[in-house]
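Here's a structure for you.
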Amino acid sequence: MKLVQKRSRKAGLPPGTLVHIGEKKSETVKITVFDYDDSHFQERQVAKAEDVPIAPEPCVTWVDVGGVHKIEILESFGKLFGLHSLLLEDIANTDQRPKLDDYGSYGYVVLKMVYEGERRGDIMVEQVSLVYGDNFLLLFQENGGDVFQAVKDHLRSGKGRLRHAGSDYLLYALIDSIVDGYFVVLEAVGERIEALQDLVVTSPEPETLREIHALKRQLLFLRRSVWPLRDVMNNLSRSDGHFLKESTKVFFRDVYDHVVQIVDTIESLREMVSSMLEIYLSSVSYRLNAVMKVLTIITTIFMPLSFIASIYGMNFEHMPELKSNWGYPAVLLLMGLTGTAMLVFFKRKDWL
Amino acid sequence: MKLVQKRSRKAGLPPGTLVHIGEKKSETVKITVFDYDDSHFQERQVAKAEDVPIAPEPCVTWVDVGGVHKIEILESFGKLFGLHSLLLEDIANTDQRPKLDDYGSYGYVVLKMVYEGERRGDIMVEQVSLVYGDNFLLLFQENGGDVFQAVKDHLRSGKGRLRHAGSDYLLYALIDSIVDGYFVVLEAVGERIEALQDLVVTSPEPETLREIHALKRQLLFLRRSVWPLRDVMNNLSRSDGHFLKESTKVFFRDVYDHVVQIVDTIESLREMVSSMLEIYLSSVSYRLNAVMKVLTIITTIFMPLSFIASIYGMNFEHMPELKSNWGYPAVLLLMGLTGTAMLVFFKRKDWL
Amino acid sequence: MKLVQKRSRKAGLPPGTLVHIGEKKSETVKITVFDYDDSHFQERQVAKAEDVPIAPEPCVTWVDVGGVHKIEILESFGKLFGLHSLLLEDIANTDQRPKLDDYGSYGYVVLKMVYEGERRGDIMVEQVSLVYGDNFLLLFQENGGDVFQAVKDHLRSGKGRLRHAGSDYLLYALIDSIVDGYFVVLEAVGERIEALQDLVVTSPEPETLREIHALKRQLLFLRRSVWPLRDVMNNLSRSDGHFLKESTKVFFRDVYDHVVQIVDTIESLREMVSSMLEIYLSSVSYRLNAVMKVLTIITTIFMPLSFIASIYGMNFEHMPELKSNWGYPAVLLLMGLTGTAMLVFFKRKDWL
Amino acid sequence: MKLVQKRSRKAGLPPGTLVHIGEKKSETVKITVFDYDDSHFQERQVAKAEDVPIAPEPCVTWVDVGGVHKIEILESFGKLFGLHSLLLEDIANTDQRPKLDDYGSYGYVVLKMVYEGERRGDIMVEQVSLVYGDNFLLLFQENGGDVFQAVKDHLRSGKGRLRHAGSDYLLYALIDSIVDGYFVVLEAVGERIEALQDLVVTSPEPETLREIHALKRQLLFLRRSVWPLRDVMNNLSRSDGHFLKESTKVFFRDVYDHVVQIVDTIESLREMVSSMLEIYLSSVSYRLNAVMKVLTIITTIFMPLSFIASIYGMNFEHMPELKSNWGYPAVLLLMGLTGTAMLVFFKRKDWL
Amino acid sequence: MKLVQKRSRKAGLPPGTLVHIGEKKSETVKITVFDYDDSHFQERQVAKAEDVPIAPEPCVTWVDVGGVHKIEILESFGKLFGLHSLLLEDIANTDQRPKLDDYGSYGYVVLKMVYEGERRGDIMVEQVSLVYGDNFLLLFQENGGDVFQAVKDHLRSGKGRLRHAGSDYLLYALIDSIVDGYFVVLEAVGERIEALQDLVVTSPEPETLREIHALKRQLLFLRRSVWPLRDVMNNLSRSDGHFLKESTKVFFRDVYDHVVQIVDTIESLREMVSSMLEIYLSSVSYRLNAVMKVLTIITTIFMPLSFIASIYGMNFEHMPELKSNWGYPAVLLLMGLTGTAMLVFFKRKDWL
């Protein structure tokens, strides 16, 4: 989750040069092709773009490409489906802002997929590019993982609406499962915030502060990923394009509502985290106060007492009190009274 | 009032699968049906959706469903009234953002109802879903409580406008009583803020701080519930739909004004709470200052005095002052003068 | 100037029930009627709405009602002038947000009037409701005071434009004098801020802090009252209604400019108050620093000196220095040098 | 540069009464008339409005009125040029927000002119009113100074575009020189900020704080003067009015760009000043820390040493160490070791 | 990177006077002319504008002017290409806000180019002006450096799209390489922020604070340069002008996406820097706390011990304990116990 991706090696190249920007997340590129309509379903692994069969309508072809770091594979897909060079550049550059581009004969959606990492508190981010046309959908993810397992299972089982609807409904199903991922991650963030809530008052350590700022940074990052998604979903649910059927748009509207809900939740969590920072600081400051009080009380009680003792520690020859039999107990009594008086004074001042 | 609801068990399910999200707030589901027009009124309890009688127009049928956690009941209502699967999903998911959806032959409003909990300072939130059509209104609440008692009483008594107007006026009456609930809750919040106002200056304890942050969080939550309501009410008061009569729209406009008023009040209260936090912090800091002054005064007065005493506590053989008869009283006088001089100095510096 | 008005006793009543919300500010309700046109002018006190004479056009009838807590009087006005029940509800509820409602045959403006209270620093707020039609204007204030004395005097004297213009110009004259009241109040607030400006640096007491927060709260309140007024005046100066003549609209435009000016001034004053809070806090913090320096200097100077003295206060039998005739003056010299060295050190460090 | 001008003596007067609001900045009112076209140019001083000659088109008449506190002069101009009473009121009231009013047969622009005062750091503000028609332009300033000397010189010399263009280009030339004045003032503010930049870290005195807040206040004031100017210039460069020729609009567009640039600069400077405040506070806090460390080190080193000395200052008869010949040097050695150990400890803790 | 450029010497000059504003960045002005179409390419250095050959369409002429401080050169270009005097003024004034002006027969884009300076952490800014027409493009930079080397190389090599496309694609290529420069600079800023991240917790020195504020200032500056670029690119990608071909607009749209990405990144980095400031302050405050604890512990332990010792240092004749053989060890034991008790107490209070 770096805030700024390395793009500098791109500067100086002519525009349109295909360069992969981002970390390479897997070694090989895994290409899976799903071919389906109401009555048939076929799934197979292919090695290169040229092997992808384009089935005739009303068949839908979904190509799931895992890995975008091999430029030559992207280029062969570009040639096969007639994709614009800027679109290929956007796929290869994993530092995209979520957006929706309409290229006339096909559409392009890029968005961020989030999920929890293996270490507690880690949030992983991956870029997903979706190119959709009348009867095909290309999905590019950085990694060949099985994040869309659920969607694939529905396709395989043939139950539900998925097999009977077109590529637009598949697009919805994929985006919907990505958006659901945000809810899962936010739940985890919310739980960590709840857990910190008390810690911040009872033991405000620098460690707590670092955790708060890690949360703040993650929320900043999530907000940056999800904020532009609002416009994307809004445009999808209102687009005039011929790809999206009227009956599917209500589903995109539903995803839009979810995204707004996520934005709302992120804003609330951000305010909670800011509050926690304030509590942290005021806790530290309150503790300083408490420590100071103890210091003051000790000093205030013992300084006069020690002063009295030091007076009678002076070596003057003519100090009549020193000769008196009652001098010592009288001084002890004086000390006792002084100390008690001050304790009472502090109680009154509410410092004890 | 959790900031993030558990939705994770939904992730991975195909879109459209009906799952209840939220806490189950009651065991059974209570269904009450009201059937009325100008001249007649009937109220009865039914066990399942199929028992709901659909009276002919101009009769209005109001079904009050208390509890949304039984999926099968929602499904039977969906079948009976021909509701869209996404709408049913929204009803079952109690983590909705307030919104208004127009489904052509019926409309859907979801909003949050708030009321004070049993423990002082608690605010309870419940989701209310309203499905309204030409002569029916379905109300889904999480709990089968009698929150809409007043509306029911007016129906029963037959007085006022309610019985003579259509389902749109019933919709208004229900939303109006939900919005009135916000005023009641805000009144309580306002009172707690007033109560804290002084406490924050006179005794800034961590307990006060925690109370301030609890208030901040509640206001954050209320704002989140009521902010989208503005758009909902604005759309209702301007909608072209055939459900809402022109004469009813002025009432929705009135509710809209109330919602704007609530938003305004929440913003003001939020600013008040922020101010209180500032006062809290500066009070703590001022107190630290006061404590430091006492410490400094004590140290400044007794350190030189003790030093003088310690000089004459040294054991040098040749210290002429020690032999003198006037040595002891002279030193005592010196100490007295030094102490007094310093007290005067502090008075001048305005530290005492 | 309570932030949240008691509205709870309204919750549960059917919508449209007339209940007075707010404090009762006077006992009786004073109704004064002004009847005028170019050539004649009549002023009289009436006891109830039914006594109000409706003069034929082009006569203008202005009814000034002082007190809105008597529901029956509002109701009789409602009947006489055919006012909508929601409008009457708004008049009775003194917790309205300023707004403009067009009811077809008459218009309704509600706004807040402010003036200085008797105690220095108090700001009084009253709600003013204006119902205006072709040849009448109803003014409802919470109190029967003589706030609009100036307008009444112009009417009586017959000088100026007022008597020759219609009810729309009267509406302008009344709103203009209410808006002028904001300038007067802001002037007073501005003066109090200027007065605090220095106090906050020279003597940052908790009392100063409380005054700053009182100012902040008042500005928050004024902003809330005047912000929606912008829209009201803008709508009035652009409205297509047949009540407002073209020639009068330029005057409403002028009032609109004044309101924008007031909003601007409030924002500036709010920033000034925030600045003062910052200065307050940094003054407290700077003073803490100054006190700490004194403490440190005292401690740093006397601790080593006392230590030296305590060494020679030890009772070892073999301490050769104690026998020496020069021991005592040598130690005194050592102490003097140490003290001077440290004073020089602090001067260098710029702590003195 | 008062934040709130005295307007209270206006409250209570009938609307449209002409009262001068603001400080009187000069005693007499200086009226200069410029009459020019391509071929001729005349400049003369007149005593009253009636003496102003209205030259026939295409001659342009520019009247420069220095001083707006003499109401009767404004009234005579009003009569001569047929100006609306509200416009005259706006000219007399020097507390206007910049705005553009279109009165049909003439236009009215009011804006704030700023320049540096005689004392370093002072910013003077004056209101300038411009009434422009087909072949005349009235300029009202509060003071009869020679701020528009440059424009006058160009007119006199007859070089450049000014004499050949109409009154609209003159309007542009005057506004352009006012806007250039903002750049000059901002430059000075920028330099003072740069100068404070270092001071704030090296010697954070209350004096520095006061300077920062003076800057903040000036920027707040400048922003308030220049912000509405954006709309004014935008409207001028887009207005459909017949006064402004198409060819002149590009110049107003250019002034608009300058105003946007000024707004940008002010915002940046405001952020810089806020940053400086933060640095000030953290410098004070860092210094407190440094002082505390010294205090702690002194206390920590001498307290144990003094304690050891005080043990051997006790007067017990049976203290074997006191008899020993090595007692004294052993104790001195112990003290030396303790002190050194603690110094090493602090070095390790990075406190020295 | 000064926040406010010196413009004061311009004030008082008639509008349209050409004056160079900004630092002179190179001595001479270097003019290079590129003439190309599909089949031919020519590059040459010329000394003055008059030497620029205007090739017939479809040839594209690109003039790269390095240095804008020689007014006479700008004027001769103005004459040759018929440029508006305001445009020339904008080129000469290097304190422009990025903008796009359409002058009918040619367009004008001004923007800021950024690159890293020689000293680590420095960011250099230069203004680039682009005047584009049907078959020519004038580029004015402040310095004759080789920033657009890559574009020139592509032209020379004849590979890629550049030679085959018109002046609009050249415009895109130049702007694209400027925008890529922002990514490079932001990468460097991001790395410096990451580097500070830890430093701010482990060693919060004033030096760190100064670095944070330098970063803040640079980000403020970058934001100011890039924010208006959004509108410029948006307008370019939507402009109706006949200069930009439909096929080129998709490229400008792509640059627009990059600019939005840059704005996003800057906002994120600004939030990170603000967070770091908060951490800095709370680290300083936490350290103060830690130091205070040590001080309190030392004082609290040694003050009572020293007091006990000073009691038995008093010189009273009748102090029975002093005679006792067990007095000394008993007192030592008492001291030991007291000290241990207090250590235990602090452990419990979690202060050690």
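Per-chain numbering from 1; labels A, B, C, D and E assigned in written order.
The rule is simple: contacts are C-beta pairs under 8 Å (C-beta built on N, C-alpha and C of every residue); 3 or more make two chains touch, one makes a residue touch a chain.
Given the structure is predicted, the values throughout are model-derived calculations rather than measurements.
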{"item": "Copies chain A and chain D - rotation angle from C-alpha fit, nearest 5 degrees", "value": "145"}
{"item": "Chain copies touching (chain A, chain B) - same or different residues, decided at half shared", "value": "different"}
{"item": "Distance from the mean Cα position of chain D to that of chain B, given in whole angstrom", "value": "42"}
{"item": "Geometric centre distance via CA averages, chain E-chain D, whole Å", "value": "26"}
{"item": "Distance from chain C to chain B - Cα centre to Cα centre, in angstrom", "value": "26"}
{"item": "Set of chain B residues in contact with two or more other chains", "value": "281, 285, 288, 292, 295, 299, 303, 306, 310, 313-315, 319"}
{"item": "Category of the chain touch graph - line, ring, star, complete, other", "value": "ring"}
{"item": "Successive chains around the closed ring, taking chain C as origin and chain D next", "value": "C, D, E, A, B"}
{"item": "Residue numbers on chain B that touch chain A, as the complex places them", "value": "2-8, 10-16, 84, 86, 89, 95-97, 99, 101, 203-204, 206, 209-210, 213, 216-217, 220-221, 224, 277, 280-281, 284-285, 287-288, 291-292, 294-295, 298-299, 302-303, 305-306, 309-310, 312-315, 319, 321-325, 327-328, 331-332"}
{"item": "Residue ranges of chain B in contact with chain C within the complex", "value": "149-151, 154, 159-162, 172-173, 176-177, 180-181, 183-184, 186-187, 189-191, 193, 201, 250-251, 253-254, 257, 260-261, 264-265, 268-269, 271-272, 275, 278-279, 281-283, 285-286, 288-289, 292-293, 295-296, 299-300, 303-304, 306-307, 310-311, 313-319, 350-351"}
